[in-house]
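I've put the structures underneath this note.
Consider the two complexes below, in which chain A is the common component and chain B and chain C are the respective partners.
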Partner chain A sequence: MMGSTLFFIQRFSALFLLGYSLWIMTFVFLNQPLEFTAWQIFTNQLEFLILTTLVAFISILHAYIGLWTVGTDYFTSRTLGFLHPELAKYANLIRGIYTLIFCIVGLLIIFIILLTIWS
Partner chain B sequence: MSINHKKTRPVYINLFKIKLPVSAISSITHRLAGIYIFFITLPISLYLLYFSTRSYNDFVTLENNLNNSVYLSTFVAFSLLVFIYHVLTGVRHLLQDIHIGESLSASRFSSYIVFAIWFLLIIFVLFELF
Partner chain C sequence: MIHINIYRYNPEKDKFPYMQTFEFEKPKRDIMVLELLNQLKEKDPTISYRRSCREGVCGSDGMNINGKNGLACITPLSSVVQKNKLDLRPLPGLPVVRDLVVDMTEFYAQYEKIKPFLQNDVPVDIGERLQSPEDRDKLDGLYECILCACCSTSCPSFWWNPDKFVGPAALLQAYRFIADSRDTKTAERLQSLSDPFSVYRCHGIMNCVSVCPKGLNPNEAIGEIKSMLLSGKNKENIIASDGMS
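And now, the complex of A and B:
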């Protein structure tokens, strides 16, 4: 994938997530103290269900690009060798395990969000 | 001479020898906050969403847990503050992407502004908690 595509996905997903966060925060702040009925009506409306489903995928996409960037920046033989020269040999393995872990966690988070809001 | 010179050349980056300017600190903490959000704030938000929407009893139990346990409420508040920090520094980065505040002095200034807003928010949250 082109670097500029990743750049734009990261920025536009950030804007979307920012808008969603502001929407949720505004609701919680305007409804203090938060009552169950108001919260239930809010979280059962179609707008919430659709936007949260989108957020589940977009936030994990945003996180994937961010965590992948961090991994390729810091889990390299050059930087891990600073901690211990032996580690430098296993840099690719360590980065692979790290990538595998955040992929599994990401998919799990998407699954739990969808299960939580649509049930 | 050249052999000795090669021997003393560093192979790996010594991170402690790099002196970071304030804008770089806000950039690296943005990344660290991002990692924290993915592995901790996101699961916590899911926990809150799950129990607050499941039933009235679960909602009240969650409310009581947050009110009674200082550790839990501090942990949740801290995790949300880390998220807000990521958002604040993120907005700063987005503004720089559209060429607002790109100069060295403006970048330094906006870093301090972001830190200041975040510390004010921490104080606000501490007042709300205790």
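And now, the complex of A and C:
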């Protein structure tokens, strides 16, 4: 993938997450003291459900790019070789496991969010 | 007395690198770090370091001086000695050949990658390629780089991926040719930098700017390259749209 594409995905997803956070905070701020019924009505509206679903996917995408960057910085044969020469041989395997763990955790987070808001 | 700690490593003799301390009498007049090394070398001829012009032009004696990269020949002792202590280490991130001498192969490989020479398909008809004074001004702050590697070796992104991230020194030179009105390969140059590593691994921490002994700003040049990549505009587009307005 092109560097510019990743750059735009990260920036636009960050803006989307910022907008969503501000929207939630504004609601909380304008509805003081916040009562359960008001919060329930707010979280049951279709806009909330759709936007929160989008946030789940977008935040995982945003985090994936960030963590991929971290992984390709610190889990390489060169960087791991600084710790121990033997580790350098397993750099791809270690990075693969790191990516796999993150993907599993990410999918689990999405599943929990979707299950919580749509059930 | 000043305590000078020098990184020592001779791969033929030493299993591991170590720091050796030398006692050096405080000079009456301020001297450069290179002069200090020259005087220490008279006492211990095994100390190895590169030097040539001793006036900040050749870029040979780049090293890590009290934790900050710089050229030994233009760094006054008084500006770096703290509590009568001075640590001298090789440039970080590159393999050490011996003591303060590093293997610059990876650094030069990145420099070679950006094709640091003028490319122009249009035949020359008057013997030289002319440039307006305004276009020539755009190269100021770019062409002065002496390739000492102080910037690239202070950059964590270059430490982790010296084979993929081009590094501030080579990117400054890449922009030097991108910005040159006589060069016609801007699109190709940008295309070669468009992957996620070559330019985009720069996160703008500005270590390069902080250490450059020539006072250059590689971070700004990298920003310009990123802007051109992100806007999809290259020099030809900009010149064409300027001409239309």
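The rule we apply is simple: the second predicted complex is superposed on the first by the 117 of 119 C-alpha atoms of A that agree within 3 Å, B and C clash if a C-alpha of one lies under 4 Å from a C-alpha of the other, contacts with A are read in each partner's own complex, and residues count from 1 in each chain.
As a convention for this text, a residue touches a chain if its C-beta (ideal position, glycine included) is under 8 Å from a C-beta of that chain, and two chains touch if they have at least 3 such contacts.
Being a predicted model, the structure only gives us computed values, none of them experimental.
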- Tell me which partner A:P85 touches in the superposition: chain B (first), chain C (second), both or neither. first
- So, does A:S21 touch the first partner chain B, the second partner chain C, both, or neither? first
- Task: Spot which of chain B and chain C makes contact with more residues of chain A, would you?
- Result: B
- Query: Which partner does A:T72 contact after superposing on A: first (chain B), second (chain C), both, neither?
  - Reply: second
- Query: Given the touch rule stated above, what does A:I9 touch, chain B (first), chain C (second), both, or neither?
  - Reply: neither
- Check the residue A:I112 against both partner chains and state whether it touches chain B (first), chain C (second), both, or neither. first
- Between chain B and chain C, which residues of chain A are contacted by each of them? 78-79
- List of chain A residues in touch with chain C within their complex: 1-4, 6-8, 69, 72-74, 76, 78-79
- Contact set on chain C toward chain A in their complex: 156-157, 160-162, 194-201, 226, 229-230
- Contact footprint of chain A on chain B as seen in their complex: 11-15, 31, 34-35, 37-39, 42-43, 46, 49-50, 52-53, 56, 59-60, 83, 87, 90-91, 94, 97
- In the complex with chain B, residue positions of chain A that touch it: 11, 14-15, 18, 21, 36, 39-40, 43, 59, 63, 66-67, 70, 77-82, 85, 88, 102, 105-106, 109, 112-113, 116-117
